[in-house]
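Chain nomenclature is as follows: A, B, C and D, assigned in order of appearance, with residue numbering initiated at 1 for each chain independently.
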Amino acid sequence: MENSMSIILGGWLSAGLTIFLFSFLYKDNPLFKIAEHLYLGVGMGWWFIVLLYGTWIPKAYEPFMQGEYVLIIPVLLGLSLVTQFIPRISWISRYGFTFIMGYGAGLVLPLNLATDFMAQIAGTIKPFSQLASMSWGAIINSFLIAIGAVCVLAYFYFSVEHKGIVKKASNIGIYFLMIYFGASFGNTVMARFSLLYGRFDLLYDFSGASYAFATPIIIILTVGFFALKHFMDKKKNSGAAQP
Amino acid sequence: MKKTELLLVFFSFLFLWPGLSFALNGKSNIALPLIEDAIAEDMPYDSGGDILLRWPADEDDEGVVYEIYAKTESSENEWKLADSFKAFEKTADKMRMPFWAWSHGSDEYAVKIPIKSVDGDADIGTVLCFKIKAFRDGKPIAESAILCASSDDNWFNLPRLNGLLMVILITAAFFMTMSRAKKKGLFIRRIAGLDAIDEAIGRATEMGKPIYYSTGINGMSSVNTIASLSILGEVSKKVAEYDSIIKVPHYDPIVMSVAKETVKQSYIEAGRPDSYHDDANFFLSSDQFSYAASLDGMIEREKPAACFFMGYFLAESLLLTEVGASAGAIQIAATDSESQLPFFFTSCDYTLIGEELYAAGAYLSKEPMLLSVLKLQDFGKLFMMLSVLIGGIAIALAAVFHCDGFVKGLLDFFTNY
Amino acid sequence: MKDKLRRFLRIDRRWIFLLLTAVMVWPIIHPFGLSGKTSQQSVRDFYDFVEKLKPGQAVILGTDYDPSTKPELHPQAVAALRHLFSKDVRVLILTFISGAPGMIEELNQTVPAEYGKEYGKDYVIMPYNPNYMAAMTQMSIDIYKAYDKDAEGNDVRGMPVMAGIKTYKDIAGVIEITGTGMLDAWVAYAGDKYGVPIIGGTTAISQLGFGPYLQNKQIRGLVGGMRGASEYETLISKPGKATSGIDALNMAHLLVILLILSSNLILLVIKEK
Amino acid sequence: MLIIKKYIPLAIVTIVGLLTLATYYVPAKASSAYLSTLNQWEVIVSGFAFLLGLISLLMTHYKKIAKRVDGWGYSLFVFIGFFAVVIPGIISHGAQAKDGVLTSLGWAFRYLYNPLAATMFAVLAFYIVSTAFRSFRIKSVQAFVLFIAAFILILGNVPAGQMLWDAMLGWTGICGIGDIIQWIMQVPSVAAKRGIMIGITIGAAVTSLKIIFGIERQYMGRD
């Protein structure tokens, strides 16, 4: 019984926050502001818990207690970051920053070059080694990919003036980019509507008797709030207009 | 003297073994023919997890099935089946290795056996023994001698030599450009959206409304954020000159503390340190959508004259720009996150695409160092273009004339091992 | 007339919002039941990959999505897990996204029961790990270095589900369901580096970006967006949320096209006359 | 002092950077041991970076409340939200469910964090529709190409669009919309994506070098 109570409460909270955030679409209002500020706190609180139980306790505190004393080094490096708040000693934070930056840069460099540079060149020229066994369509497509990629790169070539052949190539490149952006736009439309559908579907679920009609009641209250506010604002304005 | 003795013992052992093992296993009769020249050795270029078995492949192997049995040298256990495959399935040329690290071809079998698959506790140095058996129609037809070897960890991953060469090449080019950076200005092509920055700031000054500048939602070690900060430096310099107001909401605390310095420095350089306010940079949230919700709220309430979105953005891009557009702001966006470009493109007044973001800092500041780095990036692109054009033609020609070695070599060079 | 059109072009956008709401809520209340008949090659590749797994093999299921991309990705994860369980494959569920544990919990509460699967024996849920680079690299050396305990703090070493698993070599593949860059990360840190087969499920928006990886077979199969999910649901004959959601999506998509066309047509008319 | 303030940090970035880079080419045990230690360390250090943000956020809103600035009441909700997650989180030791039952943290996640995050994301759908109407302008050939690609994808992504296509163009016998989408995704998109990707990768590689060799050091602040 208690359990179902908490679920009903959850449904109300959930439906309420959803509607409050959606109310921004009508206009900025106190309900949205409440939800917005709540979200700031909730978001950071969530991350805090996640880091506390996902990183600090299991990765630092527990191993340290079990005798992995070297872990004091990363903890100190981590704490050094916090000196940012004290300008006089903020230079200490450089130790933490440089560690993170060095590690990130060193890890990313060889991998990026291999996966996103060399392998992409290989992928572009590889089809040409199998021309004999490919259909005409496939041959044309591999040419298009190679030429398209080169033309797009020409568009991003900054240190020469874009005229003559470079201009032509970069113009072709723009069309490839436009097709890509268009396709990407079209595909995203799908994604976003899926999300909205997810929200509507949930609100629909919450409108049932098992959630004590959370959705319709909250919608009515919200609309009532806007109506009241509109009415009061009008009154205030008209009051001000007549000295 | 000693050597011959050893050899003798070894050979007698070699010949004795099959008989001995039969005797021990109590199994039947005839000794199987020997699979000759089989070798077990440490798998090269790895971290010591595998042992490599090699033996010659015969042309009349068709229809043969090979089975590999393994055990640790010290254990009393039975032989365990470690691998089994049909003839020609695992020849050495099928091993994923580039030509510079691997010279074995299709006339050899090459099989990698993970040491952990033989014994879960096996480690580097544990001696493992193997036996290869050949079957035809389910009947054993040949068997190898017992081959023992231990794995070792290696100090260089030779197949990745191509990647290393690339890193060295780019580092060398990098230092060369760096050392020449101080020389005269370099040409840089016009970047359309950037000319609008002045207009946007001017408009903000006229209207007496603030300018919002978002540095995106990435950390300090990524290019897009670094690029964004160098643009921020130039923008805030102009803001200081025009005596307008800039607000920079942040997603990442480290980026925020760097941006504070950047903006402050710009005000000093513009000769207006007194107009600088420390709260121009402020932290919102490290949660993507609460960042967006909060920034949306601010834009809606303050109705800024201009919004700049420069850096890395994900789904929040349109959340921000639609609100900015409905608030009537001039919007200039720049991102290298391709998935968001279409949205910036349709909802902003000016959009810098991909790498234009990186170039923008150099374009605005004309700083020699940034310009020469841009030049270096262009060289990288030139390398790619030439590789595709020349490599494509070369590989097509080679394929036509059946220079398979060249084709494989060229592809090997660009493959990631 | 022109004035009217011009005014229509500057219509308060809130009317458009209302129109969209109406268009999407309607099929939720009255579904019409149009579902996808075709399916994309990459979805079939995904399906075939799972179909070819043998009972007892182990796969990693990366579920790196949070509530924000749930409507698209959760049906994919549900369908993939159902498919894996129906093949009696062992599943290691991982995540590198802070919002995901809640999603995994939802999976945990619904799917395993349908197939009578037991926690610890048939599948295991690993705790959230914020550093994917580190974890993915470590797993090539020793999985237990990255994950020695499950999400509830139990030791995973003794679990039957982990029997014989030490590194990527003991894993038949990685299925990564995400709207983030985590799929790229798997390709770079595990797929390309250690040769683990990677297949993925992703949002419709990210789908396009994986074209090069798919072409190079760096990813062996891909399910994209709700459409991909509904196709996959059809392939495994288990219609779920994605299939029912397609109705509402139909209407909304047509609305977008209509809006783009009408506004541009109006512009054309205003300019020309 | 300059050594401690400047040169040691710079040395850290270079040494850590180069060593980490080298692990990619060195398969030996020492290299993987180094990498796995550093991986573990990095998780811890970057975890602390979060504290910077948290402290700034809470300080900002605390100041607003303390000074009673306009709208300070809303700042209270930041704290309410924060503790509404943190307290249950600590009570339930970070677990969202125990023995199949939702803990208070699980509850907070499902009914508090979840609706907020998902709704904000869903708002995008509305904005797409309004962008489609207000600013999707076919003013140039480029914009037209963009529109055509978007149009085909939007239409082809839903069954209704596929039916529409077949009904209107099916008789011509040319390829179905699915094939066209496939082609767009596998040919021009791949080409464009590759072009962008390679440019970005080189940019990132150069930046990594700048960081490793201490040339890029904005993040260190001024001396």
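In this section, contacts are C-beta pairs under 8 Å (C-beta built on N, C-alpha and C of every residue); 3 or more make two chains touch, one makes a residue touch a chain.
Keep in mind that this is a model prediction, so the values were computed, not measured.
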| message | Apart from chain D, how do the chains cluster through contacts, with nothing moved? | response | one piece
| remark: A correct list of chains touching both chain A and chain D reads B, C
| task | Could you name the chain whose Cα mean is nearest to the mean of all protein Cα atoms here? | result | D
| Between chain B and chain D, what is the gap in Å from one C-alpha centre to the other? | 18
| Separation of chain C from chain D, taking each centre as the mean of its C-alpha atoms, in whole Å | 16
| query | How far is the middle of chain B from the middle of chain C, if each middle is the mean of its Cα atoms, in Å? | reply | 23
| field | Residues of chain B engaged with two or more neighbouring chains | value | 47, 160, 163-164, 167, 170, 220-221, 253-254, 257, 284-287, 289-290, 293, 315, 338-339, 342-343, 345-346, 353-355, 377, 380-381, 384, 416
| task | Name the residues of chain C that each touch 2 or more other chains. | result | 13, 17, 20, 68-71, 99, 129-130, 133, 141, 192, 204-205, 207-209, 212, 215, 225, 227, 249, 252-253, 256
| Where chain A touches two or more other chains at once, by residue number | 21, 24-25, 33, 35-37, 39-40, 42-44, 46-47, 50-51, 54-55, 81, 84, 90, 97, 100-101, 104-105, 107, 109-115, 117, 119-120, 122-124, 146, 149-150, 153, 156, 177, 180-185, 187-190, 193, 195-196, 198-199
| request: Name, in rising order, each residue of chain D that touches chain A in their complex. | output: 5-6, 8-10, 12-21, 24-25, 37-38, 40-55, 57, 61, 71, 74-86, 89-90, 93-95, 101, 105, 107-126, 128, 142-143, 145-154, 157-158, 181, 183-202, 204-205, 207-209, 211-212, 219-221
| Interface residues, chain B side, partner chain D - complex | 45-48, 124, 153-157, 160, 163-164, 167, 170-171, 174, 178, 220-223, 226-227, 229, 252-254, 256-258, 261-262, 265, 282-287, 289-290, 292-293, 315, 318-319, 322, 325, 336, 338, 342-343, 345-347, 353-355, 358, 369, 373, 376-377, 380-381, 384
| task | Using the touch rule from the top, collect the residues of chain A that touch chain D in their complex. | result | 3, 6, 9-11, 13-15, 17-18, 21-22, 24-25, 33-57, 59-60, 70-71, 73-75, 77-79, 81-82, 84-85, 90-91, 94-113, 116-117, 120, 123-124, 141, 144-153, 155-156, 173-190, 192-193, 195-196, 198-199, 202
| query | What residues of chain A sit close enough to touch chain C in their complex? | reply | 25-26, 46-47, 50-51, 54-55, 58, 107, 111-112, 114-115, 119-120, 122-123, 180, 183-184, 187-191, 193-201, 204
| message | If we count contacts the way the header does, which residues on chain B are in touch with chain A in the complex? | response | 160, 162-164, 166-167, 170, 186-189, 219-221, 253-254, 257, 284-287, 289-290, 293-294, 296-297, 300-301, 338-339, 341-343, 345-346, 353-356, 359, 374-375, 377-378, 380-382, 384-385, 387-389, 391-393, 395-396, 398-400, 407, 410-411, 414-416
